Each structure stands twice: as C-alpha cells, then as structure tokens.
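You will see two complexes here that share subunit A, one where it goes with subunit B and one where it goes with subunit C.
Up next is the complex of A and B:
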C-alpha cells in the first residue's frame, strides 16, 4: 500500500527550510534599503521613510548617501570596500571558471587512468591524491605562498587559479574515477579491437558517456573555488584581483561599514550566487546521485 | 650588408631606449601594506603624496584586520617587496627582534626624528619604541574608553559611574527597569583588543599587571586585574552583559537603545555619535575609566619601514618622505583622520588645533578626553606578548563566562607569561 504524504507536514518542513534559507536573504534586502538610523531605531517603523537605494548607488557610482552629507555627520561608517563588491564578483567568476576548466582538463584524464588502467604506483598515488585534502589549509598557506612568490604569482589571478585547481583536483579525480570505473569494460575492449588508442578511448567513449557527470563535477569545482577564502586572501594583492569571499570578509569585519552598507554588499554578492545555484544545483545533485546508482 | 645590419641594430636599440625612457627617470613604486580600514581615505592620501612627490608612486595592498599580521609575516618571509607598513604596538618587539622593521633614525635626516618625538604622547612614544629606538610615527593613537548613553542614564536618574561597583549598581538598576543587558562587551578571544580592553579596565583600578622586571603579578588576588576579572565574571553571571563579537556590532547594538554601557576605542564613539546614520547619535559620551585611578590603556598604530627598504638608500629616502608626509608636520594627514573618521592622534599639538577640536566636539567631550590621554598608560609589550596573548585570551574568555575560575585563570596566565619571559630573556 502506498503511503500518502501529509501535506501539512510537507508545507511545514518546506516553510521551515524556506525561512532558514530565504530569511537571511530577505533580511539583507530590507537592511540594504532602510538607512541605519531607521533600522536601529526601535521607535520608528521600518518603512517610515520609505525605501531608498542610496547605498546601492554608492556601491556602483561612489556618490555618498545623503545621510553622510548632513551637519554633524562624519564618514566613519562608509568605506569603499563596499565598492569592490561588483568587481570582486567578476574576479571570483573568472577565477572559479578557470579553476573549473583546469580541473576538468587535468582531473578527467587522471580519473580515467586511475579507473581503467593498472600502472606502477597506482594505489599509492591515488591514496596520496585522495588523502591530500585532509591536510589543514592553514598548514599549506606558508609553503604555497612562498612557492608562488618565488615564481612571481603572488598578487595575480593565475596564482589563485592554480591553488584552487589543486584544492579541487582530488575531489574531481575521486568523483570522476567512480563514474569511469562503472562503465562496462566491454566498451573499451571493443574500442581496443577497433584499434583505438587509450587517448581515443578516453575522448571518444568515456568522455561522451560521462559528460553529465563531468559537468556536475566541474560545477562542484567552480563552487569550491568561488567560496574559498584563505588562499584568496593571502594571494590576492589588491582590488583588481580580489575575489568576493575576501571582500565580504572585509565588509563584515570593518568598523567603517554601516549596517545598511554591509547588507547592500551582502545582497549584491548573494544575488548572482543564488541565481547560479538555482540554475545549476539541480543538475549537480541529479548527475552526482544519478551517476552513483547507474552501473 | 654588415654595416646595414649594424646600423639597423643600433637604431633599434636607440629607439627602444627612447621608447622605454632612461632608467633613472623611472618612478619608484613603494609597496604600502595596510589593514583595510577606510581604504578610500588611504588612497586619497596616497594620491596627494604622489602629486607632491613626483617620481614616487605608492601601491597600496590591504588585508583584513584579523588576518593582517599573519599576512604581513608571510610577506616578510616570502621576501615580497614591502616598504612601508602599518605597525602595531603589540607586534613591534617581535618584528624588531626578528629584523623585519628598521628604526626611523636609520632613514630620516639627522635630528628630524628627535624633533617629531617632542610632539608625541608618552604612551604612543612608548608603543613605537623598542630598545631605545623609534620605529614608527603615529597613524593613529587612541585610548580605550568607558562609554555610556547619557539619555538612558538621565532618564533613569543614574549618575555616571565612577567605580566598577557603581557600574554594577547602575546596570542592575537598569535591568530592574526592564533593560535586559545594560552592558555591551566586545567578547572575542581571537582579537588582541579583547585583552587590551581588559588591561584598560584594570588600569582604571590602578593595576599594574607586570613588575619592573616584567614578571607577571596579576595573579595576586589584591591586584586590580584580578579584581577586574572577578568583576567581569560577576557581571556575566548576573546577565548584565551582552557579548558581541566585534566592535562593528557594538555600534548598531548601542544604537538600539537597549544597552547603556560599553568599553571601546574612541573612534567607535565617533561612529556611535555619527548623525549621518545612527538613530541615537549624540546620546553617547565618554566617561573616565571607572576605578580609583581612572587611568586607561593608550596605544598607537604607526607607519613603519621594513628593514629591507631601510637597507636600500633610494627606497629608504622615498619611504621616509612617505612616512613623514603621512605622520609628520604639519600633521595634515593625522588631522584628516581625526576630523573625518574620528581616529585619535598621537601628535599632542592637535589638541590645540581648531581644525581637529571643532569636529571632535560634535561627538566627544574634548576636555574629558584630554584628561584621559594625559593619564593613559602604555601596555607592556615584549617579544613574547603576542604569543602569550593568544594563549591567555581564551582563558580570559572562559573565566568571564564562568567556565573557569578567576584564580586558576590568572595563575595559569601568569605562569605562562613568566615561562615565556625566561625563555626569551635567555635568548
């Protein structure tokens, strides 16, 4: 007998999840369009002065909100760190996209080799690769910084891209090797009989069959890079290369950022991320889970 | 054919040289590393310096405050070009001992530093001095203050507390009147400020945490620091304290009108009283630090030059020009920070400068501040201070919220300090 869903419970849980995930977004939106003097005044109604987009205008144009031009105001709570948000979103996108591409270019062939071929040192190298993420990030900061400094890559996007690629690579190899391992061996035996090289077997058979999984794994690498903070912070030199994770940390920790300006920064940073997640997350989950049960 | 080739090659070289310009005419670019407070003002100051000093460019690199020191050490150890930096009083002994920074006397024209020293507040001078040599000029210098809400106290008929016991009494009265947590406190063991604020409160009681030989004495129950930790633990236990993780969160918290007291840097008071965006601007005031002595902790953040730069005459000359522009006479940049951002200053003549005092009078009682600066004391900063502080702050945090006893915390902290002292003194 098929059990029926309780619609009330379903709505209750869905509502809780929505509140938990969407609540902060709504709060940051409200916080960004209501000035601090209203937001923090328990005697005033939230929308007594209506809504204004002055902090958004400041972020995109640099024009000061009117509150800072009033008599007795000082500019202690407005900082151009907030103005770095739009640029940092672009920087993060560039870095994450490049890290994703590099991950797939390097990770997919490696995963295929690990999955389908025997070679000396295979087990130990696979273990090394898979266990390497267990090393705490903070322990790697100094040697990686010094290595990149030696080759002049500190303060460049390329440096961050390389590190993010290296950080995501073990996951890419692990996930894709599972997919490649589950492919029927007969496919590759037939390919060999037809005089396919290993590379041709990879590009003409394995990749097309694993394309959805490769895409999902790539998106996973994209997201790992997009949200990474530690290396982005020490390796990005200035606003020209700084990813959004670093800018948001600066906004959240500085005293010269008003509450409404912080919320504006958060909302501007959140929207593209939300759109991205809404568009692709379903595919990531479907493909990763689908791949794990298909055989 | 050969002549033609030579001519062609010669012309190419000459052309390239002309296009590239002569090497001696190239701009020198100083690498200026800061924490990212008010980058727009920093950049604007830099632009003004560059306009006044043709041939010298300044590239600003910034890090978030909590990551600043670690990032800077990475730069030092990674040999990343770094010329002028923001320094801190708590970091100076370790940096100087490690040879990361150089005394200003090494790069400044003779007599200049001595002349500037005369204008600097005693605690600030102490903070920037290591083994008798001056390593910086003030970016800002400030005191940690006891801040209260005038309106709340006035409405409740409470006088400004003069001792910590009076603070407790006032907070209890406010709590009885419906205010849940009258005191907002920056409670974050990760931040060095967490310890500094504790020292400031202890100075209010007249405490000395270390003796003349830099041995810890705060584990004595009669010591003011010991008593202050007891006071804090009691205030937390009575639920009089609202902990906040960062001073930036104290500003909105105090502006909700749900809290009456806090202990913060003066620039936070400037932000609290900012009519531009704070609903209760004007309600906040500074009072002498409670306690019999009313003293507090003064500190200085400063511009310093790296040892690597000091060793390069050309860069050293440019770095001195830059530091002197940012912190030297006629103190234009210090005035700007003070006027626009409410940052304190280590240059005492600014207390008599209308360009500073007039804007400051809008958010702080200048005579009270002036008295506070006069009685402010520097912290005890040693090569092991930062290591010890990182060890002690979590203990302090636990004791405040009752997870450890005050006696055990102070004993543990003092033993650790004395052990480190012995190790470093031996070296």
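Up next is the complex of A and C:
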C-alpha cells in the first residue's frame, strides 16, 4: 500500500499540539517579564514598557518591584510565599532526584526478576504491585501520615522521598518489566555460559540494553514526584523542607496575588524539569533509534 | 576435547515428555549431528548437555565426569545459538572476550586469544564494530569466534545456519567442517536440515518424538535406513513411497498385508516405451535444476506424485506420458509398522 503523507496536515496537528503544550509555558514566561500594571491594563500594549525582571529579582533577592514601592500600592499582592520558591525548587529537585534514583535502584532489579525468572507468588505479587495505584491517594494520607509519624519522618525530606518512591514504583516495575521481557532469552543464556551470575547478567547485559527505557522511566518517576501535591503538603514541615508544589499552591491561593509574580513562580518551577528532559531526552531518543537488539 | 555420554536421560516439561529414556555416547573429537523434524527434542537435548535445562532423569557425563549438577559455565562447553545471541552493546572484540573477562583473565591474554580466534575466522577488520554493523554471515562468524575463544572441550551448535541465505549457508557449512578439522574438538551440531547433517556429520543421530530412530555414519543411514521414517527424512529430493501388496512366491512376499516400497528419485528408471515391468504415468510438473531434472509423475492408483530424478536435460514436458521402471531391488521395502524388511 502506498503511504500517503500530507505535510500540511502534519504541520497543522503538530502546531495544535504545540499550542496546547507549549502555549501555557510561553504565556507564563511572557507574564513573568511584564509588570502587573501592564498585564491588568487592557489599554496598554503588552510590551509598551519593554520587559523587566523585577519579579525574578524579588523571588531571588527579596527586593520589591518598583511599582509596589510607591505609596498606595497594594503590597498584599506581593506574596511572601514567592520568596520560598528558590528554596522549594531545590527541595523538590532533591526529593524528585532521590525518588528517581531509588525507583531505578529498587524497580529495575524487581522488574528484571518479574520479567525473566519464575518464583513462588510471582503472579500474585505482580498483580498486587500493579493494582496498588488504584487505591485513591486521599485514602492513604492518614495511615501513611501516622506511620511516618511513628518513625519520626513527618516534616523531613526523607519521609516525602520514601512516599514518592513508593508511589512511582509500580509504574517503574511495570514499564521496565515489559522492556526486559522483550529481550531475547538467548542473550541471557549466552551470558550464563559466559560465567555471568544472575546479578551480573542483569548489570552487564540487561541494564546497558535497557538504558533508554531506564532513562525514560526515571524521568517519569522524577516528574511524578516533582508535581506531587497531596503528600508533599501533608508531610512537609517548615519552609526549609517544603517542595515547590506546596509553595506554588500557597502562592496561587492568595486571591490578590500579583499575576506577574505568580507567572514568575510557575516559570521558575518548570526549569529543573526542562533541564532534565533536555539532558536525558536526547540520549533516550538516540539510543531508542540506534540500539535495536536484533539489529 | 572430551567425550559426552548420556545415560537413560529423560526430560519433561510439565506432563509433556520431550526426551524419553535416551542413551548416547559421543566420542572425543567426533562431530555428531542431531537431526530430526521440529519438535523431535534435538534442541532440548543440546540444551540439556549445555546445562541450560535440567534433566528430569538420567546421567550426563562430559569427559567422564558426571555433570548433572554442574552449572552451565563450568561444563567446558561453548554454544553457538541460532540467533547468534551477540551482546548488542559490545564490540566484536568485547563479545568474544566477555567470558574470559568474567573469569578474570588478564587483559593482554584476552586480547591475544581474541586475536587468534579472529584470525582463524578472518574477523580481524571487524573487531571494533558493533554487532548491528555486521552482516548475517559476519555475525555468525563472531558467534563462532566467541565459542572458540573459550577453548571449550565440547562445541554445541544450535541450528547455527538457519538464519542465513542458501549461498551463505553452504559456505558456512564448509567453514564449520574446516574448523572441526583444525580445532580437533568434540562438536555437537543440531539442525533440521538433512543436507547439513549429511555433509557435516561423522555420525548422524536421527531423532523423532524424543527417541533416537537411528544413528550412524551419514551414508549408512542413507543406504540402510532401519525404518520408513529414517528413509523419508534423509535424502534430497525425498524418497518416494508407493503402497505395494506382497505377491505369493515372491522374495518379498514374506510379510502379510500392505507394505510400502521406498524408491529414491534417482533409483527410478525412465523407459522409452511400454514393456514388461514398466509402469505408465503422466508428467505433472518438470523442475529443471541444471545438472539434473526432477519429474513429478502421477501414477495410476498412487495418491502422491512420484518424483524421478533424471541426470541430464532431457526434453520432458509436463502433460506427456512416461513409462517408469520401478525395481524393488533398488529400493527398500517397509512393513505396515514402518520397519524395513530385508529384501
């Protein structure tokens, strides 16, 4: 069959998708560099005063934007929560990165075992693992809070890391086990004849071959943790441990909040994930295209 | 090099018995080919010897030592897989040296041994390539090279040529035969291709439904098959089977009831006209092979087409009538249960 290909349709759909996914990012970027007095004034052109980084300066240094230094300005619009964004960004990055690493350290070997070996209780434990995300998060908040309180982990980053790891782990195991199952059995038999133990077959054969999927799965775990709100809110303590999702919620809850400041917070919050995607994605895609097992 | 002995070996997967109470002795330096139709248990048998499957019963000895509980890596065997099973993320050199690296062989020694094997297989220029940059034949050679580097007592080949095209298969067949002469190692070779079996083997072990039907030198099996199955399996084109009835007072009349006459395509004569002993038929299909011609002939009262191999490029046409000379003395006679009857 002849493959029909319409470049105009392709561009149209690609453009639509880009508009929906990239549009909000661009809007928040624009909103963050245009002062409130322009944003809220329908008569003024968007870039009449050019762009300024006052809100960014406030977030990082605490220096008030000039517009709010004049008398009669509504200071309430400048939320204190915005000052917590840089710290929370770091907190979230640490938590999400740790959850990602733990997910891969625990999930990849588990997925390999589920994919390649038979053991008693395999089916039931896999089913349990896969179905566990179906339990509503809200139902788990209280028991998990009490469990973590009992071991003194409420208000600590470690507590949030453990919960986020547990939340992403079913997906990590499911996705990676599919990839490990697709690898030809003969590769591992050859490894066995080449004096590899099971663990060595995993580290020397399975992991290098699954790197693209491991990268993608890790990214998924990172993003899941980075954007998680419910547990982050309940388990985080003071501003020192608060993740960005909680700070952003606090910022947005202020009904008087400066639009410019809110947009600044949003844009800054996206940056770590963008960086990680840029770093990992290239290698994920390159390896997916270049490293086929069958060749 | 080492001998391989199987003693009353059985293997079941669940309730399915794949290998049934099998005993077999393979001598040092022998090249034994396991051949049989798919599902006959030949690959399972090889995997039992390799240690990739556990035996349900019986004893396996390699070099005189019982290996039942010995892990695959410590049996002194190397295996060449049908899909080559090269590690895609390693270069050719790394693939070949991997086993040595895993047992802690020093780097210079690995390099030397890989270099030697590469020379034998003419892989020198490819050592830094990844498997995906190689052709099918090159990958096959790397897979063999990986086995050679380990200096095994026994080489195991699991249908190593079935993924190659016909021309390359013929070339690699010669290569493996040459390798066997050069390395002087015990080799066990599994194939479903009877041409490979006939050309490579010192000894053929013909398997069917988990049992050994017959074993021996290729020509012995070809010329003196013990039953209809062996006769039908070996030989290309396949032997013709024609149902016959015993005639009283005939030399072959000893067994009562229906019998089968087996005639190889080259044992059937083409006669130039009706005469005594000639059987009339009609040519349905003509296949020109160059050096010979295959005629597929419909005989009255015979369900299957009879294949006749004619040495030469005779001008036989499809649709024409033909007279064939079927001489029982040139073929084999099989009883109703498939057993070969002495003529």
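To be clear about the criterion, the second predicted complex is superposed on the first by the 258 of 295 C-alpha atoms of A that agree within 3 Å, B and C clash if a C-alpha of one lies under 4 Å from a C-alpha of the other, contacts with A are read in each partner's own complex, and residues count from 1 in each chain.
Following the convention adopted for this analysis, contacts are C-beta pairs under 8 Å (C-beta built on N, C-alpha and C of every residue); 3 or more make two chains touch, one makes a residue touch a chain.
Treat the numbers as computed from the prediction; the structure is a model and nothing was measured.
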{"item": "Touched partner set for A:42, first subunit B, second subunit C, both or neither", "value": "first"}
{"item": "Contacts of A:195 with subunit B and subunit C, given as first, second, both or neither", "value": "second"}
{"item": "Which of subunit B and subunit C A:97 touches, first, second, both or neither", "value": "neither"}
{"item": "Subunit B versus subunit C as contact partner of A:187, first or second or both or neither", "value": "second"}
{"item": "Most subunit A residues touched (candidates subunit B, subunit C)", "value": "B"}
{"item": "Touched partner set for A:253, first subunit B, second subunit C, both or neither", "value": "first"}
{"item": "Touched partner set for A:60, first subunit B, second subunit C, both or neither", "value": "neither"}
{"item": "First (subunit B), second (subunit C), both or neither touched by A:233", "value": "first"}
{"item": "Parts of subunit A lying in touch with subunit B, wherever the complex brings them together", "value": "35-42, 44, 65, 67-81, 83, 141-142, 145-146, 149, 154-155, 233-234, 237-238, 246, 249-250, 252-260"}
{"item": "Residue numbers on subunit C that touch subunit A, as the complex places them", "value": "50-52, 71-73, 77-79, 81-83, 85, 87-89, 98-99, 102-103, 131-132, 134, 139, 146, 150"}
{"item": "Touching residues (chain side subunit A, partner subunit C) in the complex", "value": "184, 186-187, 189-196, 200, 205, 208-209, 291-293, 295"}
{"item": "Touching residues on subunit B, where the partner in the complex is subunit A", "value": "36-41, 43, 59-67, 71, 74, 77-80, 246-248, 251-252, 255-258, 267-268, 270-271, 274-282, 339-342, 359, 362-363"}
